[in-house]
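Below is one structure, written out as C-alpha cells; comments come after it.
For clarity, chains are labelled A, B and C in written order, and residue numbers in each chain start from 1.
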Amino acid sequence: MFEVIFLQFLNGLDKGAAYALIALGLTLVFGTLGVVNFAHGALFMLGAFCAVLFRQLITLETVTLDPTKLSPWGSPLEIREPLVQAWFGDFGAVLLNYSVLFSILLTIPVMLVVGIALERGIIKHFYKRPHAEQILVTFGLAIVAQELIKSFFGPNPIPQPMPTDLRGAADIGAFLGMQANVITYPIWRLIYFLFAAVIIGGVFAFLQFTTFGMVVRAGMADRETVGLLGINIDKRFTIMFGLAAVVAGMAGVMYTPLLPPNYHIGMDFLVLSFVVVVVGGMGSLPGAVAAGFLLGILQSFASMTQVKDLIPGIDQIIIYLVAVVILLVRPRGLLGRRGVMEA
Amino acid sequence: MLTMPRNDLLLFLGFAIAVLTMPIWMAPFGAAYPDLLQRFMIYGLFALGFNILFGLTGYLSFGHAAFFGVGSYAAVWSMKLLTIDALPAMIFALIISGIFALAIGYVSLRRSGIYFSILTLAFAQMSYNLAYSVLTPITNGETGLQLNINDPRYLDRMFSAATPSVPSPTMLGLPLTGFTGFYFCAGFLIIAFFIAQRITGSPFGMMLKGIKSNQTRMNYTGFNTRPYTLAAFVISGMYAGLAGSLLAITDPLAGAERMQWTASGEVVLMTILGGAGTLVGPVIGAWLIKYFENIFSAINENMLARFWDFLPDGLDHAAVVVSAKFVGEGWFLTLGLVFVLIVVFLPGGIMEGVRRIASWIDRNRKSTPKSASPKTQPAE
Amino acid sequence: MTNSNVVLHVADVHKRFGGLHALADIDLQVEEGQTHAIIGPNGAGKSTLLNVIIGKLAPTSGAVVFDGTVLTGKKPYQINQLGIARVFQTPEIFADLSVLQNVMIPALAKRDGAFKLNMLRTLESETEIRAEAEHMLEDVGMISRREMAAGSLSRGDKRRMELAMCLIQRPRLLLLDEPTAGMSRHDTNTTIELLKKIKSRGMTKVIIEHDMHVVFSLADKISVLAQGRIIADGTPDQVRGNPKVQEAYLGGAH
C-alpha cells in the first residue's frame, strides 16, 4: 500500500514541477508588474518550440546517393548524414543526442528578447488599465503566438527524443532500500523535477540575496514607496518580465521529451497554472510553488483506478474543484497575503 | 446620448430591417447564403447575450461557451426524446442553460475581477472535460451527439408513425432548411435584440451599469449587488443556451469542443471587436468575425498568386508566402493580431471608432468649435 | 445613561490592531437631528472610528447601535437600507453615467429596496423618480449639468452631486468623511454653504473632519479624538475653550 501511494506521489512530481514553474512566472509578473498575464502559457510553448527548432537545425542533413548500393526498394541507397556530425564529428553526435539540453542555450537568449520586447512593446502600456483589459490584450498575444507557431510548425505534436542515456527508469525503491523493481520512475521525469527544483531555488536565491532581488521584493510589497525612493523600478520590472519568460521557456524546453509539444500546449498548461496561482495565493511565490506540486500530486492520485472507480471523472476535474473550493472558503489562497486581490 | 423611447424604436426598427434584408445586401459581399447567414444570427445572439453580462456589469466571463454547449446538448436531446420540432428544443435548452448558469453564477459571483474570470474558466473547462469523459452517455464524447433513426421521439410517435430516415428539424411542421432556417434564426435574434434593448433601457439595466461604474457606491447606496449580477449572468447564460440550441437545430450535432475555452474566447473577441457595452456593437463584431472567418479560410495559395500577380517575379512569390500565413488555416493569426490592435488602440471597439469618426466629421462641418460640448455617453 | 433622543450610540468601543490600540473606550451618543462633528489631527483614529461605525471593521469590544439595531457585521447595503447614507473622502460616484442617472439610482434604491428585478419598465417611464431627481439637482444647483457625464465634473461638483445622491434618500443619518478634503478654497466654501443649507432639514449628521474651521460653523456638538481617545466633548464653544484640545490639537499646529 505504501508503495502505491509513494509511486503516485512520484508520478505527480513532474507535472507538479511544470505547474510550479509556470505559476512561479505568473506570480512574478503579477506580483511585480500587477499584470495578469494570459500570454504566459504561450511563453512556455515558445520555449518548447525553441527545442523543436534547435533540433530541426542540427538535424539538417546532406543526402548523397550511393549508386553502388541499392535500398530494399531497388532505388539507389540514400546516405543521410547530419551536418553537425559532418562538421563536428563525435561532438556533433553528442550534440544530436543531447539536443534537448543544448537547446536551453538557444532558449535563454530567445526568451529574454521575447519577454523584454513584449513588456516594452505592449504590456507596459497596460499597467494602469483595468485587469479585464490586461487579460484581453495578453489573451490576444497568446493567440498570435500560438497561431504563428502553428503556421510554421504545423498543427501536430512534434515528438522530441530523450538523450539515449537518460531513457528508461530508475529504481527508486531499491535506492531507498526497499524491494527492487517495485517503485521505478522514468529518469527524465526525475531530471525534470530536479531541474525545476534548481530553477525555483535559483529564483528564490536571486530575489533573496541580490540587491536587485531586494528592490524587486520591496516593489512587490509596495510599488509606490519604492518608486518614491528614486529607484528606477520600471527597468527592473522589465528585466523581471524577461526573467519570467526565460523560466517559462526553460520549463517548456525540458518538458518536450515528456509531452510532444503542439501549438496549444501553452494554453492547456496556462489554464491549469492560473488555477494553481489562485490556489497558492495571488502574488505569493512560495504559494505558487507549493500549490503547483500539491495539485500535480493530487491529480496523480485522482487518476488512480481505484479513485476513478469511486468517483468517475474526478481525474478530469480535481484541480478545478480544489480551486473552486479554495476561492470560496479562503479567497486569498493557501499562502496569500491578506488583502491582495481578495475580492 | 440618453436613449429616448423614440430613438429606441428607430434603432430597433433599423436593426430588424437590416437583419431581415441581409439576404439582399449581403449578396454583393458573397455572403448571402443561408448557412453563413444562420451563423451570423446565432453568433450575434451569443454575443448580444454575453454583452448583457460583460458590457453592462463589467464581469468578464471566460466560460460562456459552457452555456452555449449545454444549450446544444439540451436541444439535441429534446429532438431525440420528445419531438423533432424546434420550439420544445429551444424551451428545453433555455431552461437547462438557465439552471446551469444559475448554479455556476451563484458560485462564481462570490468573487469579482480576475477571480471571477478564472472561476468561470475553471467551470467551463470542468464541463468540457466531463463532457469528454464520464458524461459520454449524455454527450457521446468525441463523436458528438447526433440525431438517430432509432431515437424514440415519444411525442412525435404519439401522432405519427416512425419516419423511414433521420428527420430534419422543423417548426410546427415547417422544415427549417435553406432561407426558412435563416428567417427562423433571424426572428429569434430580433426578439433577443428587443429584450436586450429593454433590459439596457430599464432601471435594472441602469443598476447593472452602476455596478460596472462603481460597485462600492452601489453597495453604500443600498443595493445588494449580487442578485443583480446573478440575474444578468443567468439572462446572459440563457442567451448563450438559446444560441447553442439554434446551432443544434440548424445543424443537428452537438460536440464538446463548443464548450472549450477557445469558444469562450471567441465570444469575448466578438464583443470587444464590436464594442462592449453597446447594443449593436457585439452583434456587428460577431458578423464581422464570422464573415472574415468564412472569407479568409477559403482563400488558398492559388488565389493569392493571382492577387499578387502584378508584382515583379520573385517579389510576388514572397508576397504569396507571407500573406498565406494570414489566410486559410492562418485566419486565427489575423484575428489575434486585429484583436490585440483593437484592445491597445480602440478598447471601445468598432462602435467607438464610429463615434470618433462621427464626432470628427461633426467638428469639421461646424467651423465654429462648440465650447463645453457635453461628453457623449458610452452607453446606448 | 440612555437618552431617548439618541439615534446613534457608539458604546464603549475598543479597537486593537495587533498591539496597537487604535481606539480606546470610545463612547459617543449622537442625538436625533443634531450635527455631530468628530475632529482630530491626522492619525487620531478618525477613519478607524468611521469604519467601525459603518460596520466595515468589527470592534474588539463594545458595539455600535443605530436606532436599536447593532451595526457590526451588517453589509453596506443593509446599513444604507436602515437609513444611513455616506459621503466619502474622495467622492464615490458613477463616473460613466449622467448626473441625472447618478441621482436617480439612489432614489430607486430608496423606493425598490436592496433588489428588484425592474426590467419591464423603461427609465423614461419612471417619471416620479426622474422629477424627484431633477428637483434634488435644482436644490444643489446642478440642474443645468444633469446630462453631463458625472466623471467630467469638477471636484466640487462631484461632491455636490454625491451629497444630492445621499440627500435624495432622505436618510436618518448622514455620515460625512472629510467632505472638503482636497478641495480648493472656492469648492470648500460652496460645500460648507450647501451643508449649512441642508442643516435645517432635521437630519442627523456625523462629520469626520480634521480641519476644525470647517466644522465650527456647522456642528451642534463636537467630539475631539486624539490618539484613539475622546479627549473632549461638547458644544463648539466648550471645545474651543478646552485646554486639552488646545494642547493636543491646536498645540501641534502652532
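Annotations for the structure displayed:
Just so it is clear, a contact is a pair of C-beta atoms (placed from the backbone, for glycine too) under 8 Å apart; a residue touches a chain by one contact, two chains touch by 3 or more.
Since the structure is predicted, the reported quantities are computational estimates derived from the model, not experimental observations.
Fewest steps needed to get from chain A to chain C, stepping only to touching chains, is 2. Compare each chain's C-alpha centroid with the centroid of every protein C-alpha atom shown, and the nearest one belongs to B. The distance from the centre of chain A to the centre of chain C, each centre being the mean of the chain's C-alpha atoms, comes to 52 Å.
Remark: chain A and chain B have CA centroids separated by 34 Å (rounded to whole angstrom). With centres set at the average Cα position, the gap from chain B to chain C is 44 Å.
Among all residues of chain B, none touch two or more other chains.
Of all the residues in chain C, the ones that touch chain B in their complex are 75-77, 79-81, 85-86, 88, 92-98, 101, 104-106, 108-110, 112-124, 126, 147-149, 152, 165, 169.
In the complex of the two chains, the chain B residues touching chain A come out as 58, 60, 62, 107, 110-115, 117-119, 121-123, 125-126, 129-130, 132-135, 261-262, 265, 268, 272, 325, 329-330, 332-333, 335-337, 339-340, 343-344, 347. The touching residues of chain A, when paired with chain B in their complex, are 36, 122, 125, 129, 131-133, 135-137, 139-144, 147-148, 150-151, 155, 267, 271, 274-275, 278, 282, 312-313, 316-317, 320-321, 323-324, 327-328, 331, 341, 343.
Chain B makes touch with chain C in their complex at residues 2-5, 8, 198-199, 201-207, 209-210, 212-214, 216-225, 227-228, 231, 374-375, 377-379.
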